[in-house]
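The first chain written gets the first letter, and so on, giving A, B, C, D and E; residue counts start at 1 in each chain.
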Amino acid sequence: MELYDIIFYLFAAITIISAVIVVNARNIVHAAFSLLLTFFGVSGIYVLLGADFLAVVQIMVYVGGILILLLFGVMLTNKITNVEIRSGSFQVLPAIVGLAAFAAILFGVMTSTNWKSQSFEIANTTSFELGKLLISEYVLVFELLGILLLVALIGAASIARRDKE
Amino acid sequence: MFENLLTDISLILPEVIVSVTLLLLVLVDLIFNKDKSIIPFVGLIGLFFALYFAINGLNINSTAFVVSAANNDYGLLTIDSFGSYFKVIILITSILIILFAKNSLEIKNVSERSGEFYTLIFGMILGMMFMISASDLIMIYLSVELLSLSSYVLAGFTKLRDRDTEASLKYLVYGAASSGIMLFGISIIYGLTGNTNLFIINDVFKSTSINVLAYTFSIILIFTGIGFKISAVPFHFWTPDVYEGAPISVTAFLSVASKAAGFALLIRFFKTTFLLKEVSGSWILLEGFDWQSFLIIISILTMTLGNFAALWQDNVKRMLAYSSIAHAGYMLLGIAVLSDQGLLAVMIYFLVYLLMNIGAFYIVMVISNQINSENLNDYNKLGYASPFLGVSLTVFLISLTGLPPTAGFISKLYIFISLIDANMIFVAVIAVLNSVVSLYYYIRILKHMFINESENEVPQLKVAANEIVFILILLVPTLVLGIYFSPLVDFAQNCLAILVN
Amino acid sequence: MEVGLNHFLTVSVALFSLGLYGVVTRKNAVMVLMGVELILNSANINFIAFSKFGNFSIDGQLYALFVIILAAAEAAIALAIVLNIYKRFANVNVDEINNLKE
Amino acid sequence: MSEFTNINLSLIVLLLPLFGFFIVLFFGKKFPKLYLAEVGIITLAFILSLVIGYSKLSTYLHQDILFSFTWIDFGNVPNLGNLHVDLGIKIDNLTVIMLFVVNLISMLVHIYSIAYMKDDSRYSRYFAYLGIFTFSMLGIVLTDNLLMMYIFWELVGLSSYLLIGFWYEKQSASDAGKKAFLTNRVGDIGMFIGILVLFTNYKSFSFDFIYAQIASGNLPFGSEAWLTAAGILVFLGAVGKSAQFPLHVWLPDAMEGPTPVSALIHAATMVAAGVYLVARIFVMLTADAMLVIAVVGAVTSLFAATIALTQNDIKKVLAYSTVSQLGYMVMALGVGAYTFAFFHLVTHAFFKACLFLGSGSVIHSMHHEQDIREMGGLKKKMPITYYTFLISTLAISGIPLTSGFLSKDGILAGTLAFGQLTGHWLIPIIGFSVAFLTAFYMFRLVILTFHGSPRNHHKYEHAHESPFVMVMPLVVLSTLSIFFWYTPNPISPDASWFTSNWITTPQTVVPKSASFDFMINESVESSSHNSHEEIIHSEKYTHAMHWAHYPAMIMSLIVAGLGILLAFTMYQWKKISPDKIADSVKALYKGSLNKWYVDEIYAKSFIGGTIKLGDILSWFDKWIIDGIVNGSAYVTKVFSKISGLFDAYVVDGLVNGTALFSGFVGFNFKKLQTGKVQTYIVLVVFSIIVLFFIIGPF
Amino acid sequence: MNGIPILSLITFLPVIGMILILFMPSKMAREIKITSLIITFLQIILAAILLSNFNYSAGGIYEASSFQFVEKFQWIKITGLSWIGTVKVDYFLGADGISLPMLLLTALVSFIAVISSWSINKSVKGFFALFLLLDTGMMGVFVALDFFLFYVFWELMLLPMYFLIGIWGGPRKEYAAIKFFIYTLFGSVFMLLVMIALYFSASETLADGTTVFTFNLLTLMDPTNYTTNGILSPLNPNNYRLAAYIALFVGFAIKIPMFPFHTWLPDAHVEAPTPISVILAGVLLKMGTYGILRISFPIFPEITKDLSYYIALFGVINIIYGALVALAQKDFKKLIAYSSVSHMGYVLLGMASMSTTGITGAIFQMFNHGTITAMLFLIVGVIYDRAHTRDINSFGGLANKMPVYTFFVTIAFFAAIGLPSLSGFISEALVFVGAFGVEEIRVLTMIGTLGILLGAAYMLWTLQRIFFGEFNKKWDDVLTDITFREYAMFIPLTIIIVFLGIYPSAMLDIMNASVNSLVEFLAKNAQGFTLSGM
């Protein structure tokens, strides 16, 4: 199935390249938008993995929610064109060295492992299954997430709102 | 599917009550937006209920929220007396912390937001309680996140000084990164076993052979997340900064409760996941990952670093932060013994640690309320300004050092007992030497309070009645348990049961 | 060659590393957060890929879902804190906010 | 009188002075006349001792009166049986004679002091000290065991310390006191170890018990060497007390004390205690031990005599002559002339006390002038003092009709016999030369002090005869230096009451193989040990003594005469100028004048060395040990410094991971806490890698 | 005796006093002082009662039956789960011939110390509260027969001591105090480990037939109680007994203080206020040697035997070294401090002999050193209160100015020198007698006798420099002869020193039975335990 491969490589390329831009872009807005691309790429990969519903959620939540938040953050906190993007915490070199080593180990581990696989037919339509699980077995998690969102909301509000002096 | 939902809920009544109280608080906050002074009481009532049910549940052992996909009867949560014990600790701590916060000037200054404050505190409590009983990696991750998110905010809650804002940012970045790493580790485990339920994972590990590289690596990644919570070296870096920056009541809460939750999580995680079999109280773990030496390395690093770094601190809060790191080291030793005896030691330790640490923090808070400083040099001669505070702080610090006749001695004693019983003599020697070092900085505080001459005149300290009561509540047990510790140990001994395969 | 699990894992590893790199090296707090998002995404890819290729039932996707939601909440809090920082320090440069040390 | 009464009497005699000491010490301030009580007490004690002496010598001549009680009881000691320490009293002839001597002289000195110390601020304290001294001295005399001997030995040392340093405002006085005490301690350590040796072996301190054990062949640690060692070690105590070479240095300095004290303690009694001790342990001395003792004595006597030649301080001369005479006695014991040694002890006690008191009266009248070059011609001014002094001088020089002649003659005969029997001729030679020197310097003293014309007229004018209380003792003592008290026959010591029946050489308990053969009497089987057999010397020895008798007498007369003659020619008739001689042998003269520099040597070597060592050690203690022990703190600091620099210059440039490393090594964790959250994360990543490689399967 | 828990009384009486004092307003300084005086006096009464009811023939040491005034009841009993076993701690007090002298000493010295702390005016309340707490700690150590209890009391003293030195001390008080604290804690943590290790090595059988681990010292002494595989069990071929012994010994040696762990002592003494120096030298130092006698010796007899040579060696080093260093001191108090280093050396030497005479001498020396050194420090205090300097060379000729003072000083000094007829002599002599009797350490003993000489040297030198010679006019108006209060401190001590010098049996008979049974026990087990034990 040639096409599958091509599409995969396409999305993979989009994802990774844009991700590289995200972490290196001089202009923060560029970074933000390449992040958008990354999310698209990832959702594409989801589709390839047969997680259609998740792909949609990915687009909606990330692109529709998180990214916008980030952009707001950018707007509120930054002059768009600020050149200095590298953190002065330390030289870049050691970071790269360390992270490269880390990435190498990670890669080695991930690729050299024989991952578990078992015979179990996956449903072709995921949304129903997910919904069912969500309100049955994982109802606890569902509720928990609800509370979590509430807390996050309150927390964010209480911190971000400018209190009256 | 739903038929056992009610039983499941009945098993997690404390959690339920806490979450209900949380929602209640939100409402109360909206309704009484004029006078918010009743909010803490609402919280207290909720907590007392929760505590009541937690104590009731002390001897229940079962699983809850079974995931049928795993086609067996392991659930997201495991309710056992071990968990309930820690829940009790968490709840007691929370009650104390709420009383604590009520008297804390920092919190009073932002009273108009106290609704949010307590809501977030409850968010933390809820997170901790789920951490304690979670037996599913996803559950673990989510509860950790719940705890973290609330505490990020709380660390910077009072936007009064630069330092707490900064604390919250650091906490956030650090926490986000390490929880991300943890999540990745979880995903690897998921890949290896096809499941996230600790019991099933345990089965898989027992039955099939696992690629040891991925296995080890994922464990370390997960431990990064847990280590971040219990601030074990080398994952502790956030601790001093955040502890120093955060409001003192939050610091106290983090240093006791979230640490306790982290330990409970750690213990349950590795005991449930990696236990091969249990022989007369000592745990035989699976091959492949040498938990013992791993924990010993971590703990020795932790206590040594904690103690030696504390030597240099001039800010009392920061010093206590390092001291709490050191204590985490001792407790990790208790775990490293890999036996119920070590577990017992850790559980005793936590109960005692709760008393003495909150006590110390509380007094620091009372003092900083009045002299508005946590710097050691401003403590000169304060012991005379208020002998009561001086003496009680002395007792707490001596207990933290671990000298008789205080409860601190008992907790250390049990750690050493478990170590020597396990023939880990070398480690024990390092540990005792560490406690000698620790004496030096604890005594430093006393030195400033009683011995050093203060260049500017000594400020007057007024101690309110309720403060005295609060301190006594912590002080008396610290002394009594030091002299007569049977009840303490008995209580802990009855809660050793951890539900495993 | 046949696209298999390892390809997806490679992507996720790449994302993870890049994300970590971003977290560690970017000066701007918002950028750091972007890095965090990348990390979470990589984990998600893992979950879904494993559940697909290992035929583990659909739970994997569910976990990913949880993670996404959680990411959203985290982002919200994070942004709030960043704004707060900005109010105090008039910038959001992570490396310059280091009064608490030693 | 029953033994019981004797014991009680002796106990009373012993305790009376102590009682006196306490009352005078504590109430002396309130009742300034209380010292008279002390004098009375001593007089009483003297009378009592006369009584005891009479009853002992009349009733129990050949029998000791013993009394002892358990002082410390250790109960039933594991694998040893009952162990207890006894104290007790033993009254034999030695004891009673010593009792008499001590009490008599003590009494006289008390009386003498009434006038001599009249205008002293601490008058009553002085008498108190005399009391405690007398008490301790009597203790030494009465004891029947080594422990009690040692105890009173030390107490005597204490009282001597107090009395020498009596005028402690004077630096020299307090120095002298200290010196005396410490020098004695040196000897005492030896004595103590000796006692330890004996006790360890016999689990008892009692003389008789120990001797019985030795006699029954049970040697210390089963070897004769240890027996010799024990003897010599105990003798070291005597070396200290009796100022034998090389521990003689304290005695001359002790003259810083009041003169009566010098007479009592440092001439007559305390210094003689050493001799008494040796006499007590005489029976357990092996041949080697005796030889050592003899040599030490001989050396001492010669050494001191040579110094005495050139001294100009009247008391110094007497002091060195005392040292010399003590050496004589010790030598005598060494050569086995037991009886004569003790005899000389007694006679010497009298005439030397007389000499000292005489010098005291001179000093008194000369307003505390002690330099004989300032004196002269005092004969006319103070005749009684002069004549008593002269008699004593004749006695010490060994001129016939004096007590000194008898005892000295006996000793010299003993040395001759010893020389003849063992071939150690050097000892008799030294003996005679010392006799010569003694005669010379004593008469030099007399002449320079009393004869000729006054050299310091101013002082001479004020000089006057001393009051009765001071003169009386002089008279008594000088008369005691005449022969008839001791023997009907003025030329033969053998006929004296002492030598004939009171004091007889005790039977040695040393195994034959280890003792001089002449010490054993074949006729008496050595097992039966009784110190009051008839003369128990071997035939050979008695023969030797007889052979040596007349030669000794004649030679001693000759040397003494020569000495006196020389003295007169030099100082009376001025035929030979002393200065000329001094110039001709400058080195020797200087040496003798400066006491052969012994003090200087000690000061440089032992004392200086010890103090230096102390300084060094205290430095060591302050800096090294303390440094090491709480060094950890420094180490930490140093490390943190180092790793601090390290961080500053290396880490930031290189990998932060090394900061982690250096942090752990250097205990300087501050450096890790850079405050930059991203650094932290990097550190975490590094730690993960490190941990992975530590724990991972590699 | 008839049911009265007299040991508990004598131990916890001070705590009662402390509580009383804590409830007094700090203005009532005088009342506070009087209270503590009464308390300590009551202690003396109790001690006297103990003495009068003491059975001289009872051995004690290793057999519970022959201990006296025993109080024993279960303090902690946690019937744990199978694999932890029952944790049991007894409240077990008792006295025998070794502890009674120490009890008497503690009572006496505390009383004297209270008198001498009359001059304390800085936050009196705190001082006496801490002082009494310290008192309890000291008493407790001497009566505890359960290792756990012993340890608790042992540590209980540290904190009060720290504050007493740190707050009421001299210029470098902080340094001295922390040094004392760290040193002692360093020692005692090892003791803690050994204690736990012992706990796991021996077990006792309760009345109900269950065998449990125990901290009971007497049980630990009995070889039959050891489990075959306990890490400190002699039956275990590869046990850690030697290491444990050394660790324990270091813990005690620091308190003694034994060279080279002695350096905290001069600092602590020089900085501490007089009463605390008195306590420190009078009682605290004894705890080290007492601990060795009570714990190290009977529990590790065979190792004691093996190491006795080294104990003696260190003892002799202490004697000589301490004396030499003392010789070099310019500071009166430092000199005394080093002198007590030297004197404690005798104790070590005596114990090392493991013979009746030696150990008797050692204990007696402990007592005598307690009284004599206490007196010496009081003497320093007197002069320091008046002149506010301790520089020996700045004085001179005090004998005329302060005759009575000089009188007491002379007695104390000569007692320290070991002059016969004063108590010091007896103990030193016994020590030497005992030590000389042992072949291996005979030579060491001979070297040790040099201590007699050196001791005399520095003492007499000091006496001369301070009291003889010309009087330094500078002090003319400050230096007055001693007051009534000082009489009250000196006279009892003097009487005891002289009395025990003349009639030592008064004290020796108390120890006799115990020492004999100790020696017997050591001799019996020194060859190493056998299963039959006896």
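Points worth noting:
In this text, a contact is a pair of C-beta atoms (placed from the backbone, for glycine too) under 8 Å apart; a residue touches a chain by one contact, two chains touch by 3 or more.
What you see is a predicted model; the values in this text were computed from it and never measured.
Path length between subunit C and subunit E in the chain contact graph, taken as the least number of steps between touching chains: 2. Hopping across touching chains, the smallest step count from subunit A to subunit D is 1.
A simple rule picks the central chain: find each chain's mean C-alpha point, then take the one closest to the mean of all protein C-alpha atoms, which gives E.
Greatest Cα centroid separation from subunit D: this falls to A. Summarising the inter-chain layout, the chain whose CA centre lies farthest from the centre of subunit E is A.
Of the two chain pairs considered here, B-E and B-D, the higher C-beta contact count falls to B-E. Work out the mean CA point of subunit C and of subunit D, and you get 97 Å between them.
Averaged C-alpha coordinates put the centre of subunit A at 71 Å from the centre of subunit E. Per-chain Cα centroids separate subunit A from subunit C by 6 Å. Subunit D and subunit E have centres, each the mean of its CA atoms, that are 37 Å apart.
Within subunit C, contacts with two or more other chains are made by residues 16, 19-20, 23-25, 29, 32-33, 50-51, 54, 56-57, 59, 66, 70, 73-74, 77, 80-82, 84, 87, 94-95, 98-102. In subunit E, the residues that touch at least two other chains are 182.
For subunit B, residues touching at least two other chains, in rising order: 67, 69, 138, 142, 145, 149, 152-153, 156, 159, 168-170, 173, 177, 181, 188, 191, 194, 213, 217, 240-241, 312. Those chain pairs judged to touch are A-B, A-C, A-D, B-C, B-D, B-E, C-D, D-E. On subunit C, the positions that touch subunit B within their shared complex are 16, 19-20, 23, 29, 32-33, 36, 39-40, 42-43, 46-47, 50-51, 54, 56-57, 59-60, 63, 66-67, 70, 73-74, 77-78, 80-82, 84-85, 87-89, 94, 97-102. Contact residues of subunit B toward subunit D in the complex are 169-170, 173-174, 177-178, 181, 212-213, 216-217, 220-221, 224, 234-235, 237-238, 240-241, 288-290, 293-294, 297, 301, 304-305, 308-309, 311-312. Those residues of subunit D that touch subunit B in the shared complex are 636, 660, 663-664, 667, 669-670, 672-673, 675, 677-681, 683-684, 687-688, 691-692, 694-697.
Partner subunit A is touched in their complex by these residues of subunit C: 1-3, 5-22, 24-31, 33-35, 37-38, 41, 44-45, 48-59, 61-62, 64-66, 68-77, 79-84, 86-87, 91-96. Listed in rising order, the residues of subunit E touching subunit D in the complex are 179, 182-183, 259-263, 321, 324-329, 356-357, 360, 397, 399-400, 414, 419-421, 425-426, 429, 432-433, 436-437, 445-446, 449-450, 452-454, 456-457, 460-461, 464, 467-470, 504-505, 508-509, 512-513, 516, 519-520, 523.
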